[in-house]
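Common to both upcoming complexes is chain A, partnered first by chain B, then by chain C.
So, the complex of A and B:
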């Protein structure tokens, strides 16, 4: 059991509190969505932020989350240095867990 | 919790008075702090009556995104901070009115038209007002003198863009530089007047200021340092130019003043019980003002800076959201959220190609603070280190470091000696550093066998006593296998009672039980389960175990350790590292109605949640 715990493991993705913290820090400037090559329909940042944290996921956001292929183009334009890729990954996980529930 | 004894004290006459409207929670102002508080309160208590009183005619918007709105990257609809109709969906009533007075003893506010409105707990989230030009400046009321603060101002700016060729921007802060960059985007000739010798004198040193200013100069702005407006020249009531204190005339069609904001403390003045305010309404960590049952959040609230010990407002988006959430949960009597620490000042922005980040206090004249600077890779970084703890970080450059992670390092007081070089060079890998610390603390937890998860798995194993060794198995099986048809020997009756049964019996009970146990334990609630990091279960920890763990942390020697519960963090972050110790202690006077013993009781953290610490 203990051997499985790597002392120098690197966690690449963010935990829920971290994602929540990043979303709190989001200023809603839309730069990430403007940079995104995968977004196909108009999605507002407030919808995306709220549905990433909790609550039901609406159809357009779900389609966007499935279309996201984690290219990371959204990270560099962020003026406050947030990681939209990690948030999108979180949204994908939520989406999957919701599908499983049904 | 504080509210409850009050409920009995307050006479019920106001509740029965039908001419007086009443709500459990009244929030003044529908900025982001106000609405966040309302939504948070609604989520915690679904049946309270929540009312927002505001004189703002539009819904809550993302105010930092207004600069993107100014350069046409966003439409008006995209500015909404919450989806349209959130207030209705969350059953938050919005009253469009202006609050004139607060009657704290009788717990009601007066709206314009002398209408009374009762409350159980009140949140003041009135935000801030722009300071503008000094009162005595001639021509400060001419058409074309704008302050960019509200949505209306930005709409005004966009309407005027067509006839604008030259503009003067006044001010030496972040807002000024963002305004300058926005105007340059439209191809307007911009004169930027800065009063001081450097840009952002309190946050940036001379070298950093020079990098920023050169960047803006390269983008096309004309910068006038140590220059102020002496007067504004007008033609038929509209701005025609500006006269500086160097007797220089700058022709322009618009003057934009970005000289900072002031907390809107008018309500504190009109409160019937004296409410303490200076730069803003003074609040404690739980956002309580000096008046019982009244809270303040957002730009209007002045929190104690953990590093300097002075009360100052944090006019920032992130602070407003965090404060709104805490105020909202406090108003419905839930103190859990207020356990998290606010931490230090944090600001990140893009200035054209350059990105700028300031965390904490990178500039300080405290002689005990060592500061390091680095100018490699075209950027500039400055670190302030106090006793192996980072207290300030300033970075300018093309690439943005993981800013929230650096804030976290400062807030938690993690030792930084091992990463000092990479922090300084700007190639600090915050994720791997923090995650390595997390896994160290995880290992510390596990070696002490503290988590319930481990204990439950191990307990059946001890009930089995021990697994039969291979020798034992050989000794009993070999005779059977080699001689299966042989008659049982006289010794065989002993066999079933000893090891063979131990293998089949207890193990057989144990294995099928295992999955049901895992299902039963609320260790991994669906939403909290993170498949990528394997986020840790909640762990019960009592006091003795805590001290045991402390020892164990020491035993791990030099390996980095993330403190896993709040108290030590607070000790680190709340240290008045930079403060002069002779500062007057204000707390006893400010929050005299709060029983400190009761408060301390609330502060006991019953369980750890790994990752909850920022």
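So, the complex of A and C:
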């Protein structure tokens, strides 16, 4: 129970090149998605990685990005120490940019 | 006006009503409706409208079961190693469902009896817990969008670090202007007609013997030059302002925009501070919610012990 009281470390956002590097380093083990309390429908990690960095964003990924509340639960299970929350934030920035472009 | 699209983009208010969410909310409504209807019926039929009536105990037991399900169901799934994608989200939905049902049933269990006893404190704890949960959900919905807005300010269109960009611009401005200032030469314009051009001649103090004296030969010597302590070069009035006719006054000789870049830098720094604050708000609200859980569990145990002390002698007596 006491572990619940320990907050996850606050890490500020990452730039697009850094996000790109992290996505390249992702081994696709799905641990981050399994640990995520925001993901409500089956999403493959390949799809998420591909759509995070560039290109069109599909509806399930957009829904997941909107639902992500940056709790950081995805960071600690990653076996290669990546920051999925920072990647999701970049996806959110892309979504927000899409709104303002319209 | 910017259009907010529900399908695309990132609107302020969005509700992705998937099947799991619909199922849990329908269940919550059904449980609450059942509890309220049974309360209305019991209110008309029953005579003993108190928390320690048989109906009161039933509500207490059912409410406590829902409370325990809400507390430990989600924690159990969180700790399970073998889980499917989306299972945690589903479990979170059930956590909200059971929490809401528990507060409704426990409110009915009180029968409007809010005497300052252990049960009332446990109920207040439960109310605070549920309210904090709902506020937490609102924070989880709205604050991440705010974080995204702040991050957009801190990044360029291409997603690079804006602070780095600004620093590079400032360096370029400073380097260019410094170079131009060093290359600056006074125009050898002739003085007014008939007047000799004034020239500053450096004083050359010499001794009677003709040798040069050091500037501080006398301990009472005071330099008339401005010392760095007297003039702050950063003060606006001491900044170099080229003459109108000077070559530095022509357009492009000194690159403007230093102040704008610094202002932009401050905006980005504020955005970063706000990002950090919003992230902390999300994390620490969760801790506050967990602390309320612990408090409510403690108050409920106190209430159960109190109720047990009243009940057990009666049961053993019969």
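Just so it is clear, the second predicted complex is superposed on the first by the 91 of 102 C-alpha atoms of A that agree within 3 Å, B and C clash if a C-alpha of one lies under 4 Å from a C-alpha of the other, contacts with A are read in each partner's own complex, and residues count from 1 in each chain.
Everything that follows uses one rule, which is that a residue touches a chain if its C-beta (ideal position, glycine included) is under 8 Å from a C-beta of that chain, and two chains touch if they have at least 3 such contacts.
Computed from a predicted structure; not experimentally measured.
Q: Report for A:22: first if it touches chain B alone, second if chain C alone, otherwise both or neither.
A: First partner only, chain B.
Q: One more residue to check, A:89. First (chain B), second (chain C), both or neither?
A: Touch status of A:89: both partners.
Q: Could you look at A:78 and tell me whether it touches chain B, chain C, both or neither (first, second, both, neither)?
A: first
Q: Once chain A of both complexes is superposed, is A:54 in touch with chain B (first), chain C (second), both, or neither?
A: first
Q: Would you sort A:97 into first (chain B), second (chain C), both or neither based on which partner it touches?
A: both
Q: So, A:30: does it touch chain B (first), chain C (second), both, or neither?
A: It touches chain B and chain C both.
Q: Residue overlap on chain A between the chain B contact set and the chain C contact set?
A: Correct list for chain A: 1, 5, 7-8, 10, 12-13, 15-17, 30, 34, 89, 93, 97.
Q: So in the complex, which bits of chain C are touching chain A?
A: 2-5, 7-11, 14, 16, 18, 20-21, 75, 78, 83-86, 88-92, 139-141, 143-145, 147-149, 151-152, 154-155, 158-161, 272, 275-276, 279-280, 282-284, 286-287, 290-291, 294
Q: Quick check on the complex: what are the chain B residues that touch chain A?
A: For chain B paired with chain A, touching residues are 62, 64-65, 67-68, 73-74, 77-83, 317-318, 321-322, 325, 348-350, 355, 357, 400-404, 431-432, 434-436, 438-440, 442-443, 446-447, 454, 526-528, 530-533, 535, 559, 609, 611-612, 614.
Q: Please give the residue numbers of chain A that touch chain C in the complex, ascending.
A: 1, 4-5, 7-8, 10, 12-13, 15-17, 19, 30, 33-43, 57, 59, 62-63, 65-72, 89-90, 92-93, 95-100, 102
Q: Spell out the part of chain A that touches chain B in their complex, as residue ranges.
A: Touch list, chain A to chain B: 1-2, 5-18, 21-22, 24-25, 27-31, 34, 44-47, 50, 54, 76, 78-83, 89, 93-94, 97, 101.
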